[in-house]
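Structures given as structure tokens follow.
Below, chain A partners chain B and then partners chain C, in two separate complexes.
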Partner chain A sequence: MLLALILIPLLAAIGILGGLPARLSAVVASLANILVATYALSCPACSDGFSLQVLADPNINLSLGITGISAIMVILSVIVTLAAVYSGKCPEGREKLWYSSTLFIAAGAIGAFLSTDVFFFYAFHELALIPTFLMIGILGRGDRKQAAWKITIYLAFGSIILLAGLLLATAHTGSFAFSDLKEIPVAAQNTVALLLIIGFGTLVSLFPLHSWAAPAYASAPTPVAMLHAGVMKKFGLYGLLVIGMKVAPQGMLHWLPWICVLLLGNIIWVGLVTINQKRLDLMLGNSSVMHMGYIFLAIAALSANPDNTIAVPAAVLLMFAHGISIALLFSLASVVEQKTGTLEIAQLGGLAKTAPALAFLFGLAGMASIGLPGLANFAGEVMVFFAGFADWTPGESMGWVQITTIIALWGVVISAVYMLRAYRNSFQGPLVKATENASDIHNCEKIPSYILAITLLVVGIYPKIILQFLSN
Partner chain B sequence: MQAHLIEFITVGFGLVLLMIEAFTKGNKSQIGLVAAAGLTVILIMLFCPAPSCCPVPEWMERFYSDNQTARFYKIIAVISTILVLLMSVDFSKVLTKFTTGDDDDSATGEFYCLPVFACAGLMWMASATDLVSIFVSLELVTITFYVMVAFMRRNVGSLEAGVKYLILGALSTGFLVYGIAWIYGAMGTTDISLYAEILAGDSYNQSHLLFGIALILIALGFKVGAVPMQLWIPDVYQGAPTPITAFLSVASKAAGFLVLMTIISPFLASELTSNSICTVLLIMAGATLLYGNLAAISQSNFKRLLAYSSIAHAGFLLMGVATQDYVSVSFYLGSYLLMTFAAFFVLALIRSEEDSDELEAFNGLGKRNPALALALTVAMAALAGVPLTAGFWGKFFIFKSAIENGVSWWLLSIAFVSVAAGFYYYLKVVKAMYWHEPRDPSPMRLPIITKCVLVILMLGILLFGVWPQPILDLLK
Partner chain C sequence: MNPWLLLILPITSAVIIHLGLKRSATASALLSSLCVIATLIVSFSLLGSDASVVALDWINISGLNLEIGLELDQLSKGMMIVVTGIGVLVHVFSLGYMKDDEAKARYFGCLSLFMFSMTGIVLASNFIMMFIFWELVGLSSYLLIGHWYHKDSAADAAKKAFLTNRIGDFGFMIGILMLWGIMGTVVFAEMDGSQFSSLCTCLTGMVVLLIFCGAVGKSAQLPLHVWLPDAMEGPTPVSALIHAATMVAAGVYMMARLFLSLGITPDTAELIGSAPQVIAWIGGITSLFAALMATQQNDIKKILAYSTLSQLGYMVMAVGLVAPEAGMFHLFTHAWFKALLFLGSGAVIYACHHEQDIWKMGGLLKKMPITAITFLIGTMALTAVPFTAGFYSKEGILHAAHHQPLFWVAAFVALLTTFYMFRLFIVAFLGKAREHGSKEASEVSLIMSVPLVILAVMSFAAPHISAIFPVPSSWSLEFDVMPHFDDPVFWTSIGAFLIGAVLAFTIYSGKDKDPLSIPLFRNKFYFDEIYAWIIKIFQDALAAIVHFLDAFLINTLLVGGLTRSATGIGNFFRRYAQSGSLSGYAFLMAVGVLLVIYFTVFASK
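Let's look at the complex of A and B:
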């Protein structure tokens, strides 16, 4: 059952390369995946897991499982995948590459989240990275070669550091299975934690290793930007939660001051950079880097006290919410570009008059990303801030996490500034040349947007629908 | 049939081929196909178990062992020779151009016979258990290579490569013989199987022994392309005919490592000598990794890039030897065969079609022939060590045993930096193929032999990438 979640997109991608109708197969495959995922999650008996030994010594198994955090990440992946195959405008004649790469990325991401073996966890992620690089390099926009080369080098570097960390950790635990991961000797924890923080951190665009992200998302084809910013980037956070915290909690505690400083780099520094962006896509790319800081804040709270019960749900909920909202924003940004021919904020204006539905959706996604109550991100961010103060009793002096949380709260203001300014300049005010004749979003493009928007609303009002998976 | 006859059969087959070459007229590249077919038969014989009825005769026993590891390396040698021959057939256009200078291919016949002799030498080397038989088989291989490297006599690069290889090869042979003499002097025998016993006693002179081993390490460093004996590699690889470069890069390196492991394994196992040898090996590994990877970054010629990458891989392999993880080293060499030959097949085709080895010649290959570009992408990903390709497991096993054996952190950091650098320069090729516009947008033709071989190699890389167990089973 779980293997099908990986095989459906994988086989569909191979089929598309072999001549199946590209768009149709991609849509069918991603719909099928949603159904399979729903089925697997609704009946725990049939999602019991799957295991196939590939290597006897060292013992490496292709084993899959869907519990807790991974269930939520898989839901995120299948939803964003469906939206991604509907989004963006595929250049004439490149349908095969476009849709097959999208499905390859999806298969890799789902595989990474389903794997319960360190090796395949790592390998599936790499599998998803290669089509990402190729798609940006081949079908990207603007300065695509530069951007693609940068993301390739950064993420390859990050993956190697990560591999070093994982190997060192598994050398101590003596097994690759997630179920055998346990706290390793204290002497090795600092090194392992450092390697994992740098490795996973590069993949998540932790400050100062973040500079690949914004240009890559800006020039990536829309489905790639949606899948990478929405889903793949959560891989690093997921890894820190399920591996980092498990094998090296002491090490994470050791590096806590550094994590705090760096995540403030994400929130404050990159936030200020985001305010300064002149293009919609670069602004979204930078904002996605900025929001990673909040999730790191939850991880920092967890490192400070592994018994912090609110930190894991906070991190996971925000990962989910951010994944959905950033995918929606990238999808809508590509609609804006198709309708007006530009993403320069200065050349846009008054779009709400000619394209009210687009403006409404963009406004909704923008508000979600700022953290407006009622939308999923709000629940996540509030929980993160609560997690930051969960261990603090009034009267006590504040620790690293509490001080960081207070500073990080300013990030909310920063994101309100850039998002509202961008919204005002693009969608309100008088019509300008580019927007005079812009048509509204049409039905086909509405499908992915509504899927994502409704998810944001539902999870925002009733977060338990997602968080229930963590309890069992 | 007795196990040791297989090398004699191979040599005999080579002689028959020379006769055929001398007495037939017409298309000489056909001989390459005949030779490949004959070697395929020998390959099948290697997979059959040796009959228990007729063991290796007593006079041969001291020089010859027939075990699973030896068979594995023989399989590597025969498969790479077959691939070299097939590649040469598709490469005949360039060969003809640089031997006689016109369309007459009458001077290229030997080119298809010589690899068979090198193959026989490599097979003997795999089974050799005595310093004398190691030396003799090594020379059979090296002398054949002298001829093959300089075969394109109207090409200055090939001649330069030949001279360089000859001079440095002769120098390294000198080191080897001198080293063997010192070890013989210290141990009193050339039979490697007795060394463990002698080392357990105290009837040998340790400083004499270590000096001999140092000389041998230098000589074998030349064969495998390890610092400080790596300087010949870029020039010789670039100048030699492409199939021979592939041969040097895979079979010659594999044999070099096997000999290295055969000779030093008793010394690494003994506590008295292991520390100093291990230190030297690890320093060589670190220097080789740094040199190969850092120098590869700036290359703009694909063949030269592969030469530096070959040095880089030698560094990883030396790490494996130093940690005495011989199974990993053998696995690495087996997977290295698949991916290196895939890269060289594409290179040989581009050389024939575009008349250039430069990276620029690969520009836009993704548009001109998507299947070929995909094959090279997989090969480059495997060489870089991307998971789910065979290349990943090799590095993975080596790193694993290095970490478990407590190799010091500075070498591990160098190795990890090397992998990262590898990503950079291997993916540079992928970048050229997909992101740059071709000079000449016409579709590229894919000859049938290259096509079939590439499909098989791709399947091998991906299959062993997901399921490496079969290769490990061969080594048990």
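Let's look at the complex of A and C:
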């Protein structure tokens, strides 16, 4: 069953390249994947691991398995994939590339989350990156060549460092299998942890290696922005949780002050950068970078004390929530552009009058992303803050994690500032030239939004639906 | 009746209105109003009964258990009567006031959402649940202030309210986390103030003050008071319900809940160090500043808004004087008469064709007698005329402050209150009509005047219905119906009233424009200007600088160098491979990555 989750989008993508009707196949494949994922996750027996030896020496296996964290990441991937194939506006005649790339990215992401072998974990992620570059470079908007190069260079740089870290770690454990991962000798931990933090960190746009993200998302075709910001970016966080904390907990503890400083770079520094954005898409791209800081905060809490029982559920829930909310925002931003012809905030205004349904959905997604209770992100954020304070002994001075948590909380104000400002200037106030004749979001365009918005509401009200996967 | 209905009914109404009923404004209005009437009945049925409910898990993982439960004691039950009682009257009044609004359905949907959120704050059994609903009332307030979002002023006011509250919530959340660290729980019933005894009062006082930050935002205390006057951009019934009677009082309610849960009494107040004094002074200064600002405003709603700030300051001061029973009692009486004054101002605004400047009104006593007389009753209650509701509760606060410097602040504020309220009444209701809006004014329809009459009755009756006081029995709330003539506090209060009233009559009787001009008060001590400057310098300029540094240093120098060298390699490959297509580069990159993997794996063996 697990193999099917990868093969369905992969084969559909190849089929589209071979002449199958593009949009239809993509929709069918992503719907099928949601069904398979539901089935595989609802009965433990059907989600048995899968293993195929690819190379005997070194021993590399295409082995798949599902744990609590990867289950949640797979759910995230299949939901965002379905929304992504419905989103954006495919240029006339480019359907093959558009839909097959989207499915390739999805297959790569799902493969990475399901892999229980370090080699394939890495390789699937690289597989997903290639169509990402292609889509930005060929079908992107604005300064697409520059953006494509930038993301390529950055992520290749991150990937190489990551590879070095992974190889060094597996050299100590003597195996690529996740099941054999164990704490490596302390002497090597600092180096491995550093390589993993920089490597995974680049992929997650950890400050100061973040500046690829916003322009790439602004240039990227909508489904790519949704899948990369929503799903692929979680790869690095997943890697740090599943591999980094496993092989080098002492190393992570060693670099704790740095992690704290850098994550505050994401939250405060990039938060301020976000306030200064003049375009809706760049604002969203930067906000996504900023919110990575909160997930790193959970990782910092875990680094300070690997026995922190709140940190892992907090990180994973927030990864899920962020993935859904940012995908929704990118999807809606593309609708705004289609209806008004611009994403310059100064040229928008009063859109709620002419497009009330669009305004409602954007407002809901925006409120989710700034952590309004009742929507998924709040549940994740509040758990992260509790994780930050779980190891505080009253009466003693606060540690790195507590002080970081307090400073990070100011980000809640920062994110409200940029989101409400953008909303006020785009959707409220009097109508302007670009918006006075704008039509509302079409029923067909509502499909991805409703999928994602309902997910945000359900998880926000009843987070157990996601957290249950982590309980055993 | 099942207490959960109190939450289920309004949220159901909000959801149904949003999903389907939006097309039918009348049905939406009726549904929303029926739901709030039903919640009032449920709230009454809870009085006296000792209903308890099982809490539901919201997040339950190892190390963290957050639940949704209901705390049903006299504090919350009494508060529910205030919320649903005024809620019913405001809904009914809105049926008239918002009759011709084009977004009536959205308005009533948001009112239902507000009722849901406010009920959640009142009934919350723990701090996280309270925080959840705390933010949700913020959302409903944002939506209702921005009801006419196509007006720039309304959209700006809504945003300002939300952001200012967020600043308060920043401290509130830190406080909750630290309290959790100390108590090991966020549930009110499981808290134990004696856990504080082993800790430095610098820490415990800090925790209380951080939690108080939430109240500073929500109850609009200095220095976060600036959003409340702007919030008057919302429809007037909303101002009555949310920005006068219920939501803005939530900060006081929350502090009362905190003191009750921790068992803070005058005897145990030393556990939290000097935090109470700080709270009391913030409340006292707010009440003074707001009263001074109110004396020079011309917009009828703005005067009432500053008055609300000032009265909230009184309540906060009472909490800080470790007399939360006095604060809660004033909250209770104030809710009725301030809702009356706001709805009265709504009736006036409605009758004068949306004129809000009191200097353009005048002579309304003859034209709208019911509104005018009920407004006068509200004014008397607010200015603490003996035997009105406000008299008893203000006495309580003055008694709590007696023998302290804050007593004189409170007494002076009482004088100012009488002054600006009679100024309002004289200018708007007495004399001659000044402009055509007030000349054409006539009494409002029954659906709007009946709520005024009921609230006017409550402005007298409220202190005599002790069953609905939001004051737990463990706090002793004592007052006598007859004033004590040998009590200096009583005479101070009467003196303040008389001086204020005489001054107002002397200065304003028969005047057509304001003879006083005090720019400092009229311009609200320039808080808005100072904050605008701070935001410009410390937020927007800093954001621009950081953005520049981000683009220049990190992007151009640090990473740009990397990119340029890599582009050079790319150019080399392009010339070498002559492929000319991006997919060619991607292929080369994939091959490169595979080669790297192959060699590294090989080399490591």
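The definition used in the following text is that the second predicted complex is superposed on the first by the 472 of 472 C-alpha atoms of A that agree within 3 Å, B and C clash if a C-alpha of one lies under 4 Å from a C-alpha of the other, contacts with A are read in each partner's own complex, and residues count from 1 in each chain.
What we mean here is this: a residue touches a chain if its C-beta (ideal position, glycine included) is under 8 Å from a C-beta of that chain, and two chains touch if they have at least 3 such contacts.
Values in this document were obtained by computation on a predicted structure and should not be read as measured data.
Once chain A of one complex is fitted onto chain A of the other, the partner contacts of A:I161 are limited to chain B, with no touch recorded for chain C.
In the superposed model, A:V54 lies in contact with chain B only, and not with chain C. In the superposition on chain A, A:N276 makes contact with chain C only, not with chain B. By the touch criterion defined above, A:M367 reaches chain C but does not reach chain B.
Within the superposed three-chain model, A:Y39 lies out of touch with both chain B and chain C [touch as defined at top]. In the superposition on chain A, contact of A:I130 is made with both chain B and chain C.
In the superposition on chain A, A:F389 makes contact with chain C only, while chain B stays out of contact range.
When the two complexes are overlaid on their common chain A, residue A:K464 makes contact with chain C while staying clear of chain B.
Residue by residue along chain A, chain B and chain C are tallied for touches, and C comes out ahead. In the superposition on chain A, A:L431 contacts chain C only, with no contact to chain B. Contacts of chain A with chain B, set against its contacts with chain C after fitting on chain A, overlap at residues 57-58, 119, 122-123, 126, 130, 133-134, 137-138, 148-149, 152-153, 156-157, 160, 163-164, 167, 171. Interface residues of chain C, counted against chain A in their complex, comprise 57-64, 66, 128, 131-133, 135-136, 139, 146, 149-152, 155-156, 158-159, 162-163, 166-167, 169-170, 173-174, 177-178, 180-182, 198-200, 203, 539-540, 542-544, 546-547, 550-551, 554-555, 558-559, 562-563, 566-567, 570, 582-583, 585-586, 589-590, 593, 596-597, 600-601, 604-605.
Residues of chain B that touch chain A in their complex: 366, 381, 384, 386-388, 392, 396, 399-400, 403-404, 412, 416, 419-420, 423-424, 427, 430-431, 434-435, 466-469, 472.
Within the complex formed with chain B, the residues of chain A that make contact are 54-58, 119, 122-123, 126-127, 130, 133-134, 137-138, 144-145, 148-149, 152-153, 156-157, 160-161, 163-164, 167-168, 171.
In the complex of the two chains, the chain A residues touching chain C come out as 57-58, 119, 122-123, 126, 130, 133-134, 137-138, 148-150, 152-154, 156-157, 159-160, 163-164, 167, 171, 208-212, 269-270, 272-273, 275-277, 308-310, 313, 350, 352-353, 367, 372-374, 378-379, 382-383, 385-386, 388-390, 392-395, 405-406, 409-410, 412-413, 416-417, 420-421, 424, 427-431, 463-464, 467, 470-471.
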